[in-house]
Amino acid sequence: MTETTSARTTAAPEATGPKPAHPALEFLRAFARNQSAIIGLILLAIVLGTTFLGPVFYDVDPYSMVDMPFVAPGGDYAPLGTDYLGRDMLAGIIEGGRATLAVGAAAAVISVVIGILIGSLAGYFGGWIDAALMKVTEFFQILPTLLLAMVLVTIFGATLVTITIAIGAVSWPQVARLARAEFMKIRKLDYVQAARTAGARDAYLIFRVILPAALPPLVVAAGLAVGAAILFEAGMSFLGLGDPNTMSWGLIIGQNRNYLLDAWWTVTLPGVAIFITVLAISLVGDGINDALNPKLRRR
Amino acid sequence: MDPVLEITDLKVGVDTGRQVQSVLDGVSLKLTPGKTLGVVGESGCGKSMTALSTMGLLPDRFAVSGGSINLMGEDLLAAKPARMRELRGNAISMIFQEPMTALNPVLTVERQIAEVVELHQGKTGAEAREIALEMLRAVQIPSPEDRLAAYPHELSGGMRQRVMIAIALACRPKVIIADEPTTALDVTVQAQIFRLLRELQEQTETAIMLITHDLGAVAEMADEVAVLYAGKCVESGPVREILSNPSHPYTRGLMACTPRLRLGAAAASAAEEGLGEIPGMVPPLGRFPKACRFAPRCALADARCHAEAPPLVPAGPDHSALCWHTDKMEQVA
Amino acid sequence: MTPLLDVQDLKVHFPLANGSTVHAVDGVSFQVNEGDSFGIVGESGSGKSTTAQALMRLVDPVAGSITLDKHDLGRLEGEALRSLRHMLQMVFQDPYSSLNPWLRAGQAVREPLDLMGLGPARGRDKRVDEMFRAVGLHPDAKRLFPHQFSGGQRQRLCIARAMVTEPRLIVCDEPVSALDVAIQAQILNLLKKLQAEKHLTYVFISHDLAVVQHLCTHVAVMYLGEFVETAPTQELFANAKHPYTWSLMAAALSPDDTTPSTERFTVTGEPPSPINPPKGCRFAGRCPFATDTCRAEKPPVKTFAEGHKVACHYAGELTPPLPELAAHAA
Amino acid sequence: MPPLVKRLASAIGLLVAVLVLNFLLIQMAPGDPVEVIVGEMGGASEELIARLRAEYGLDKPVIVQLGLYLSKVVTGDFGYSYYFNQPVLSLILQRLPATILLVVSSLMIAVVVGTLMGIYSARKPKGLLSHFVTIFSLVGYAAPVFWTGLMLLILFASVFPIFPVSGMQNVRGSETWIGAVLDVLHHLVLPSVTLASIYIATYSRLSRASMLDVLGSDYIRTARAKGLNERRVIFGHALRNGLIPVVTMVGLQFGQLFAGAVLVETVFNWPGLGRLAYESILRRDYPTILAILFFSAILVMVANILTDLAYGRIDPRIGGGRRKPSKPKGAAQ
């Protein structure tokens, strides 16, 4: 008889029943107590605010010249200075944010959806399905992601859509491995077997029983996938492989790269924007992760 | 025979962030050389905490808040960390419950036994290897030479527990604390391990503290018994005395709850024999009743039991119980 | 009368990555009549849990038949199997992993009814309340989540869930092993009370002989994938005839036992791995009475009084090394 | 050892799959070699185009073209690079050493520094360094690698010009063999530190979580019960178990390192495969791009096999454990 300490139990429910404590509420309470997660949330709000509400408050056309090129920040026309074409850096960063975040989020959704689909099927059914899908996953994992994406983009053209699909198509293996591990673990738990013996069909077991239990770590992975996709898009645009006519943070850095010694801000500021965004996302992701498995939280 | 280990009025508390809740509330135990003390009780009543405080291995946020633990005249609670490390595995060692996870999966059996003699007795490679082999023979492991280079995952549960015992005994300790040593083992293997411990005890005069929830194990191994409930010792005394004439309602309840084998002629009456019950459950930490902690579950409880903490009442030779109604035991099932 | 459950020569094997196969269950046959509780007792690696999983078709048997009330469960697949699921339900060992943490207690007990569409939707809540009261839980606790219950209370919820579809048979896989002795007694008494009130039939898996003697009407002792001895409970505990059963009985610890272990009958070693079971009698390696015939040939199944079956070459010819059994046999 | 043979077979299978993918990508690429040549020659007659197409086998069915392509690759013929006008294979072999040097050196920095930081902060979860490690690992992970490179470039180009910021050797070259090596290493500092910066974060977080997990396990409690001091517990027992997930991560993440290399090589114009990939992408030099893809897949495959072997050395449960072949009787249940 293993020693099962049941310290968490309430008095016998026969007495005046205690209030139900929904696991989701427990999670939110734990998340709220974690300062770094809250800081992450605030930063994220600032980033989203500037990119989507920015133009309302700072209505400057990022594509037209406002002053001489390479004017340092603090000038009268452009608070954050101008780039190699004399365009307003602040307007550029606001405009660039939209493309970067859009591509990052969309690519993450693609990689998470593909990853969960492949991982869950492999993890749930096992056997030859698992072997085949894992072979495909392994195949994608040995190819350097950026190289493959670059090749795809050059072949199919550098538009926002192709970049998003290219990034999504190469970064799903990590999510697939995680989903597979979770499904394999949860599939063996007694309450899944109990549901099966109570007449549940495969679809019910996958989507109504196992997926909700597997969701928490997958949500964390999805968060990290958004951060990774943003960095990926920035890298592509920096190399000039992004969509040439939509401004994104990576593109701004790439365009001004050759003048970094005399106009450091043209390269530094967009980089800071990327950095803060990805930092915020990973802080929130960590917060969700810690709130989900309490033993880590107490450490 | 004066005791080799004497725990007096041990108090342990846990800091749950909001406030400090008591886990052990004044537990006193005695261990005499060559004898086994059975510490019995349900999970969550503080058995393991008694052992871990003695070894100085309380998990973080648990702390000893009172009492003394005296090993051969030395109060372990006052000992400095360096001194405690000298004693652990040398004068006092411990065996744990889960043989599957208690050994390091990436080190050989030889390394894990030799390590403790190298550390405490300064033995070097060859000497330590010899002692490791000798210990494997002492714990009756089949073909010990082969097992020296084996890794834990290659051994069965029973064999791993024997390696644990070999490690614990390697430095001839005065005291061994065995925390549910056979709970995870099959019943035939459990019998072998208990027989081994008894034989080793006769050869080495080591005192054993056996922590278990199983009264059968106590009857098998123990010479003295201490029954713990919700952080207090509710009854203690010689094993025959306690098992034949339990003088605390909780001990009586445990005896009634344990299903027994009825063999041969007795098998006929087994079907009608009902199984006793103790209603309710062990109170969670921080919600111990103020007076007698067993009162909410006790059939004999009256107003005084709920109001005033019971004294320690003698109930036989060297046998005492923490109860107002030790004389009314027959009325309990 | 025809038995409710009839299992004939059931075999369950698992292939391993390195090509060898685990012979978890290797030809097991038994019958269970309505209202009986059939105990299967054995140590780890004996295949008792795999037998339970095979009955519930959570694992697929490689051979043999499982007939429940004239339905051949062993062969059915997909919808045909699913439609019979309400006839047999299961209680699992670990109360902490057998309840979905995201479902409220009431929803968990009601789930089988919804999954199999049994009875009108309105009637289901009433049925759930009835189940809560039957297992000694207050219906108000329906809204609470599993982590708000103790181990014993969770096991009561699992029993309620297993009974909600009024199954003909409930398979209990070590339902009390993870519980403390006081809670274990409550659950065993509950199972016994429910069997009497609702005419339930149990297959009860356990490693504890005393628990099986207390609860079951028939007992089978299992070793390395095979039944070594099967008999009505009283007959088995009065006249056990297989050396392995003796070793289990001798090793069982009980509080009012006076003979110290050093004099009692014990066997050495541990069960060999079920990956390549030895030929001949599988217990020969550990049995003090084993002879060359035991090691060479598979023991025949001899039948004694009251259907008492023993798979041993020398069944009935050996005097039991336990005083109570020896006295009764004389 | 069959598992290694099986591993090699699956590796070759994967590499063939990469070649097939390459072939498909070439088919899908707009235009084909003949058009590129014709473009370079500024137009050609119908009859010449037909002859060229036949010469390149473009008129044959796809499967035959695939067979042709595979046979050529096996003989080392990856096609001809028009922009660099030399066979693709020799181009790759020239640039390969630089990339291997960069990738391996940054991997070593990341693993060693990251793991040490992770272990140290796991020992003192509340300590100052533990917070510093958490902050540093978040920062390292969030900054885009090319941006970190540019920032270092600004720092070391104008503010502290102590490290070269471009290329792999000084234009002048150096007389002695030692001088040349030192010169390359001097150039290597910034690129490898930049590439390592992201992965230091990954490895410090991973090793910290893994060590915390290991330090909570039963066999560590056994080690402490043996009287070992904290240092022996960490380095004697916990470290080897804690490193297992780190080794697995190296195998899984090697592919990503290449992606980072493309960016870092471009920023510091380090003459490796990454820079070559960037240049050939801009010039749509498909044979070169796809050959780079193939060779990087080979390197990743080699890295995976090496990590599997290392994994087997650390964890006996995987690596077959014992040196002596004898299998113990009554193996683990």
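A, B, C and D label the chains in the order they appear, each numbered from 1.
In this section, a residue touches a chain if its C-beta (ideal position, glycine included) is under 8 Å from a C-beta of that chain, and two chains touch if they have at least 3 such contacts.
Worth saying up front: this structure is predicted, and the values here are computed from it rather than measured.
Common neighbours of chain C and chain D, listed by label, are A, B.
For the pairs A-C and A-D, the larger set of C-beta contacts lies at A-D.
The distance from the centre of chain A to the centre of chain C, with each centre set as the mean of the Cα atoms, comes to 48 Å. Between chain A and chain D, the centres computed from C-alpha atoms are 23 Å apart.
Annotation: 54 Å between the Cα-based centres of chain B and chain D.
For this pair, chain B with chain C, the centres built from the Cα atoms lie 31 Å apart.
Across the assembly, chain A contributes residues 1-2, 4, 6, 8-9, 12 that each touch 2 or more other chains. Of all residues in chain D, those touching 2 or more other chains are 329-333, listed in ascending order. Residues of chain C found to touch two or more other chains are 44, 150, 180-181, 184, 269-271. Contact residues of chain D toward chain A in the complex are 10, 14, 17-18, 25, 28-30, 125, 138-139, 141-147, 150-151, 153-154, 157-158, 209, 212, 252, 255-263, 266, 277-278, 281-282, 284, 289-290, 292-293, 296-297, 300-301, 304. Considering their complex, residues 217-219, 221-229, 232, 236-237, 240-241, 314-317, 321-324, 326, 328-333 of chain D touch chain B.
Contacts from chain A toward chain C in the complex involve residues 1-2, 4, 6, 8-10, 12-14, 17-18, 20-23, 189-191, 193-201, 204, 209, 212-213.
Across the interface of their complex, chain A is touched by residues 56, 58, 82, 85-86, 88-90, 92-102, 104, 111-112, 115-116, 137-138, 140-141, 143-145, 147-151, 153, 158, 161, 165, 177-181, 184 of chain C. Residue ranges on chain B touching chain C, taken from their complex, read 42-43, 142, 156-159, 186-192, 194-195, 198-199, 213-220, 243-244, 253-268, 270-271, 273-279, 281-282.
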